Amino acid sequence: MRLPAPSRSRAVEADDRFIVELERFQGPLDLLLHLIRSQDIDIFDIPIAEITEQFVRLIEGVEERLSLEEAGEFLEMAATLVRIKAQMLLPRRDDLLEDEDPRSELVRRLLEYEFFREMAYTLADAEADRARHRNKGYIEPRRPPDVSELPLELSLDDFLAVAVSLPAPPVRTPHRAPVRPVTVDEKVDLWLRALKEKARVPFEWFMRRWRTRIHAVMSFLAALELAKRGSIRLRQERHFGTLWVYRGEGDEDS
Amino acid sequence: MKATRIVEAVLFASETPLAPAEIARASGDLSAKEVEQAIAELCQEYEEEDRAFQIYPLGDGYQILSRPEYAPYLERFDSVTRTNKLSRAALETLAIIAYRQPVSRLDIEDLRGVNAAGVLRNLQERGLIEVVDRAEGLGRPLLYGTTGRFLDHFGLRSLEDLPRPEELQIALRSGE
Amino acid sequence: MKATRIVEAVLFASETPLAPAEIARASGDLSAKEVEQAIAELCQEYEEEDRAFQIYPLGDGYQILSRPEYAPYLERFDSVTRTNKLSRAALETLAIIAYRQPVSRLDIEDLRGVNAAGVLRNLQERGLIEVVDRAEGLGRPLLYGTTGRFLDHFGLRSLEDLPRPEELQIALRSGE
């Protein structure tokens, strides 16, 4: 990318010399420069009376068109111009230095401002040129970005390693699996067999073994049935603690 | 302007995969078919010139990405966005969903034996899974499936590309 | 792995300009000088192959960007990063800061003849300027300077790329 050569062509719009919208100007210096440049006035010899008159006429009613602060900036410049005009009218005194022209400070400010105004155009050109070079990611993602849009640190191998360790599914589509009918009696047998091997079994553990709800329900009913018969005892140490299933005293079935 | 170059500019500027039809939007006289041809041409060019990047098919689109063999060099940079890791629980859940979709929360919880609500929310926020349907029956539970982003992440073209459970064992063993 | 390819992979993956020394971090046996050479080589390759992108110097670094002639094709995509142009007030203020830094708000207001508080805040929010120091004296006013982002925004390699005041003065006088 090359920086474009400084462009100087757009500083002055000469066609609307006296029809001026204040809003278009970047403050009083900009307006003053416009008046001077658009009329081909020598900036080092500004006809201050004439320019002051034009300036004051243009900012008439400025208080109603701009904010208080912006209006103040234009009014302050008007005051400066009027003061310079008055100084110019005073007879020159011999004790003044030759080059002490009342306009010199204003000219210095105008030239300095003009430089930066030109630079702003150069920067605008550079900006437009740069904007034509697009970064990667210029085209918006199709999916609106999520809260946690960070890319995942996860390889397919890692993913598959976990996938392979999963329990095998009983059928291909578990959520549509036909339920094998199961009876309370079958579950009764299972409870009793489990309690033959162990003195006690956590109730929860036993319920968990069933992949479908019907099994869990039948297990539960079986446990209730056995408890009623006195074949098992249920014990819980504290509220919401583990519910233990023990062999009952009247274990006549085994 | 040559179609190949326009397609190249668009692929370069995009951060996500773009489908040929989308790329064709760049110019009034560019068809999805021409885009496909241009992509094939570019792929060959990059191959021949041994570029550090290549065009990869992802989901139903294409994306220019740096070649995987350069990954170690890129890891050292801060400006390359940092990544985040999935927990073991999230991984297991994702695996279940990938292979069993559409699948309900209850099914997942049955398989993993623990509550899955938090993990599911997390995966959904990351855009890896989404609700694809509702099951019949009591409460009409939500059914989850994987997203296009899931495919993107693993560089898969479709779910068919996932190794089948039978193949998995072998694939992993040979990788060791 | 060839240095040119490593540099290419890094530049390709980065979304911000990278300095040669930063790029060299990619590999233990890569010097900033070699990176510069690799960049020159890549620039030539892209030129010869008529790629839709090129490596551009920005600030003290380099970045791969699409070539300007493809901008019209890319404009057709809705984009997040579309640059919004700076206002004239912002540009004038930036010009002053670029040439006079470090510079206080008061100096800027004197030069432009208008209040600068709002513009300065805006430029700071956009990361184009920053507070670089505090002046001595009453109230110790903040002093502003331009950032690396400023160079990037205008496609400049350094502040030296801006025309010198003398050049412009001459231009002004002879131009009018």
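Each chain carries a letter (A, B and C) given by its place in the written order, and its residues are counted from 1.
Methods note: a contact is a pair of C-beta atoms (placed from the backbone, for glycine too) under 8 Å apart; a residue touches a chain by one contact, two chains touch by 3 or more.
Given the structure is predicted, the values throughout are model-derived calculations rather than measurements.
> Could you tell me which chain's Cα centre is nearest to the average position of every protein Cα atom shown?
Here the chain at the core of the arrangement is A.
> Looking at A-C and A-B, which pair shares more C-beta contacts?
A-C
> Can you name the chain that lies farthest from chain B, using the mean of each chain's Cα atoms as its centre?
Centre of mass proxy via C-alpha means gives C as farthest from chain B.
> Once you find the CA centre of chain B and the CA centre of chain C, what distance in Å lies between them?
Going by mean C-alpha positions, chain B sits 35 Å from chain C.
> Just curious, how far off is chain B from chain A if you go by their C-alpha centres, in Å?
25
> What positions in chain A touch 2 or more of the other chains?
Counting only residues that touch two or more other chains, chain A contributes 134-140.
> Got the chain C residues that touch at least 2 other chains?
Where chain C meets two or more other chains at a single residue, that happens at 12, 15, 64, 66-67, 70, 74, 77.
> Okay, in this complex, where on chain B does chain C touch?
Counting only chain B, the residues touching chain C are 1, 5-6, 8-10, 12-14, 25-27, 45, 49-53, 64, 66-67, 69-70, 73-74, 76-77, 79-80.
> Chain B touches which residues of chain A in the complex?
134-143, 146-148, 150-154, 156-169, 173-175, 208, 211
> Contact residues on chain A for chain C in the complex?
Residues 1, 3, 6, 8, 26-30, 37, 40, 69-70, 73, 77, 109, 111-124, 126-140 of chain A touch chain C in their complex.
> Tell me, which parts of chain C touch chain A in their complex?
Residues of chain C touching chain A: 12, 15, 56-58, 63-68, 70-71, 74, 77-83, 85-86, 88-89, 91-92, 94-96, 98-99, 111-115, 152-156, 161-163, 165, 167-169, 171-172, 175-176.
> Quick one: which bits of chain B touch chain A in the complex? Just the residue numbers, please.
Residues 9-10, 12-16, 18, 22, 81-86, 88, 91-92, 94-96, 98-100, 102-104, 107, 110-111, 113, 125-128, 135, 143, 148-149, 153-156, 163, 165, 168-169, 171-172, 175 of chain B touch chain A in their complex.
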